[in-house]
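Paired with chain B in one complex and with chain C in the other, chain A is shared by the two complexes that follow.
== the complex of A and B ==
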């Protein structure tokens, strides 16, 4: 029989994970990714909120509707000369008596490269199964819930919305370019078609999924040399015990599923 | 039946772990097992606790004494450790067994340091008094000790530790010493040790946090109570 047993039911586990996930806080990641044909640099932030906990023996914690609120700031460059046709101002020629025909010089427009900054936020919900990982490292016992497998996050609605946001961000930048008028709609449509929803999904998936797939939810963390009582003066030193082993499991006891931690100790 | 029953959180500590924690306590703070008057324990240290001597008229400095306890070995209901027939372990109770050493500094007191006039050599005058004869029955000072095997039963109390956190303490309800005669003397010493053990164990306040090795939060609603060789408690997050 284990020397120390602690158990928590699903209601308690919900509260425990509410706190544990909230303590993970907002995480930030930066890098570059492929946004369709363009290379975009980004900074993305993700904040998790606990869903509904279902304890499943023998060792699974299922969180239904685990929510990830994410916000991305990205920048990508567009070489307009690659997507817009060459444009030259038409020459105007006039006949001047005794001089001959005089024409205005041929002026062609060299389309610039623009940098498009986009800021966008949304959320995604998923149901994920977590297993229990027990470790002793650096003199600390830890029990963490770690995700089993890579979740398939659905970005369809987010991708469409982000694509629209890109369109809205691109338009004023293009309007500032001289002579763009007749080509504005073509430019915006071409850019958005080049990226497309698939491109956005392909961009978001690899950078946002790790916020969920990489999480380790702290369930238990205590030093192996466990302090029973603090020192209470020069003649009453600290009292410690050693936690020799830790085990964790999800068990069905009676009519309840419970997360059970056990420990063996020595003086 | 689930472990948590109607509450959210359950925690239990088996008697083996409780004994480990008690061993840790008394090993790190041995002064809670050794108490003595100044000739035995001049000052309180980590190892021992100084106490006043027993004042008595005519005994300079008082009666010097010392008590040494061994680390109690606790058995939680259900009973698995032997008890003398005078004690029974009821549901919800614990028993404890330990060794106690009682010591006194037995001193010869000089009643009249000056011999009366007129008594020399072997004369024994009418005035009585000392005749210079040595009394070999007691040396000037002698340590006299006895060791006793002590058994106790009691219950646990939900208390607060010195730092204000929830804790348990062992409350002694009865003590039995085996084979002291006459019975009245046995009762007297049992009473003495009953009071000593109550006081010593009341000072050992084990935080509930430690009894569950720091797992989860637990605001107690049921317990702590003794059942199935364990101290159990249930509560909410």
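== the complex of A and C ==
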């Protein structure tokens, strides 16, 4: 028999995980990724919110509708000359009174490279199963819920919305480029077709998924050696105990599933 | 690559044309605007032969290229007859440049006599041009977007691009003072006689004064 046993039901587990997940806070990461044929640099932030906890014996905590709110700032360059053919102004001949005719040469324009900044945010929800990981490190016992496997996050709607945001970001940049005006729609369509929803999903997936796939939720943390009673005088020293072992499990007890924590201690 | 209307700083859709009325050798350089003040080097030449003006002006086009960080004409020496016109264009550089001759009249930076500056307008809007050197020469070019976005509209627009417009500048008078064109069309500013002017978007001068 363990010397200490603590147990909470699903309602308690919900409250515990609400707090524990909120304490993870907003996570940020930066890097580069392939956005279709373009290379984009990004900074992404993700914040998790607890969903509905289902305790499943033995040993599984399932969170339904675990929500990740994410926001991404990305920048990518588009070499327009790589996706649009050069545009050529024809020779223009002008009669100058009393002088004669002057002709400009045919002038071809290679399109510039533009840098597109896009800021976009959305959320995804997923159902994820967590196992329990117990560790003693640096004189501290830790119990964490560790996600099992890589959740399949659905980015379909987000990808389409981000692609639309890219279209909106690109349009004013293109409008400032001389001679592109009549070809604006062609240019925007070409860029969006080059990226496509699949390109956005392929970009977002590896960036956003680690916010969930790498998640470890702190459930319990306690120094292995801790004070039970403070010193009351020179002849009454403080009382310390040592937690020798900790175990955690999801167990069925009576009518309820419970998250159970047990500990063995010694003076 | 933004729309810049300024004859002092030629860009890829600009041309500078100069007639040479008297026989002689006119040396010049192609450099960044005002860099002619840094160097006396004039490595290229226009050799003008014949003392009588030709009945029909001939045009000689010199294409300028960027070569190892320098501007270089496709013909270093051009032989022409008196009264002929030489026209320069650099299609492959986003960097502005000027044609700097060894005579006062021979400079794209300051248009003086029997010369011209052409500019193809790539964006719509109203362009108020003035002389950056302070004369009263000025005018307005209104550039409208092409009508329609259908395939046929775009094809029709492309056909209009071969048609240019002319503004004659004599002294500080521009004629016509206001013109309307469609985006992509070219305006040739022909300077027959003047104190040495520029065709400069007024906004550039306002910006530089800030």
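We adopt the following convention: the second predicted complex is superposed on the first by the 249 of 267 C-alpha atoms of A that agree within 3 Å, B and C clash if a C-alpha of one lies under 4 Å from a C-alpha of the other, contacts with A are read in each partner's own complex, and residues count from 1 in each chain.
The rule we apply is simple: a contact is a pair of C-beta atoms (placed from the backbone, for glycine too) under 8 Å apart; a residue touches a chain by one contact, two chains touch by 3 or more.
A quick note: this is a predicted structure, and the numbers were derived from the prediction, not measured.
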{"item": "Touching partner for A:254 - first (chain B), second (chain C), both, neither", "value": "first"}
{"item": "First (chain B), second (chain C), both or neither touched by A:56", "value": "neither"}
{"item": "Chain B versus chain C as contact partner of A:168, first or second or both or neither", "value": "neither"}
{"item": "Partner chain(s) touched by A:82 [first = chain B, second = chain C, both, neither]", "value": "neither"}
{"item": "Chain touching more of chain A, residue-wise (chain B, chain C)", "value": "B"}
{"item": "Contacts of A:157 with chain B and chain C, given as first, second, both or neither", "value": "neither"}
{"item": "Complex interface listing, chain C residues touching chain A", "value": "1-3, 12-13, 15, 17, 19, 56-57, 59, 61, 63, 85, 87, 89, 91, 94, 114, 116, 118, 120-124, 145-146, 149, 153-154, 157, 161-166, 168, 183-186, 188, 190"}
{"item": "In the complex, chain B residues that touch chain A", "value": "1-5, 8-14, 16-17, 20-21, 23-25, 27-29, 31, 44-46, 161-163, 205-207, 210-218, 236-237"}
{"item": "Interface residues, chain A side, partner chain B - complex", "value": "1-9, 11-12, 15-16, 220, 222, 226-230, 232, 234-241, 243, 246, 253-256, 258, 260-261, 263-267"}
{"item": "Chain C-touching residues of chain A, taken from the complex the two chains share", "value": "89-97, 99-105, 107-109, 111-112, 176-183, 185"}
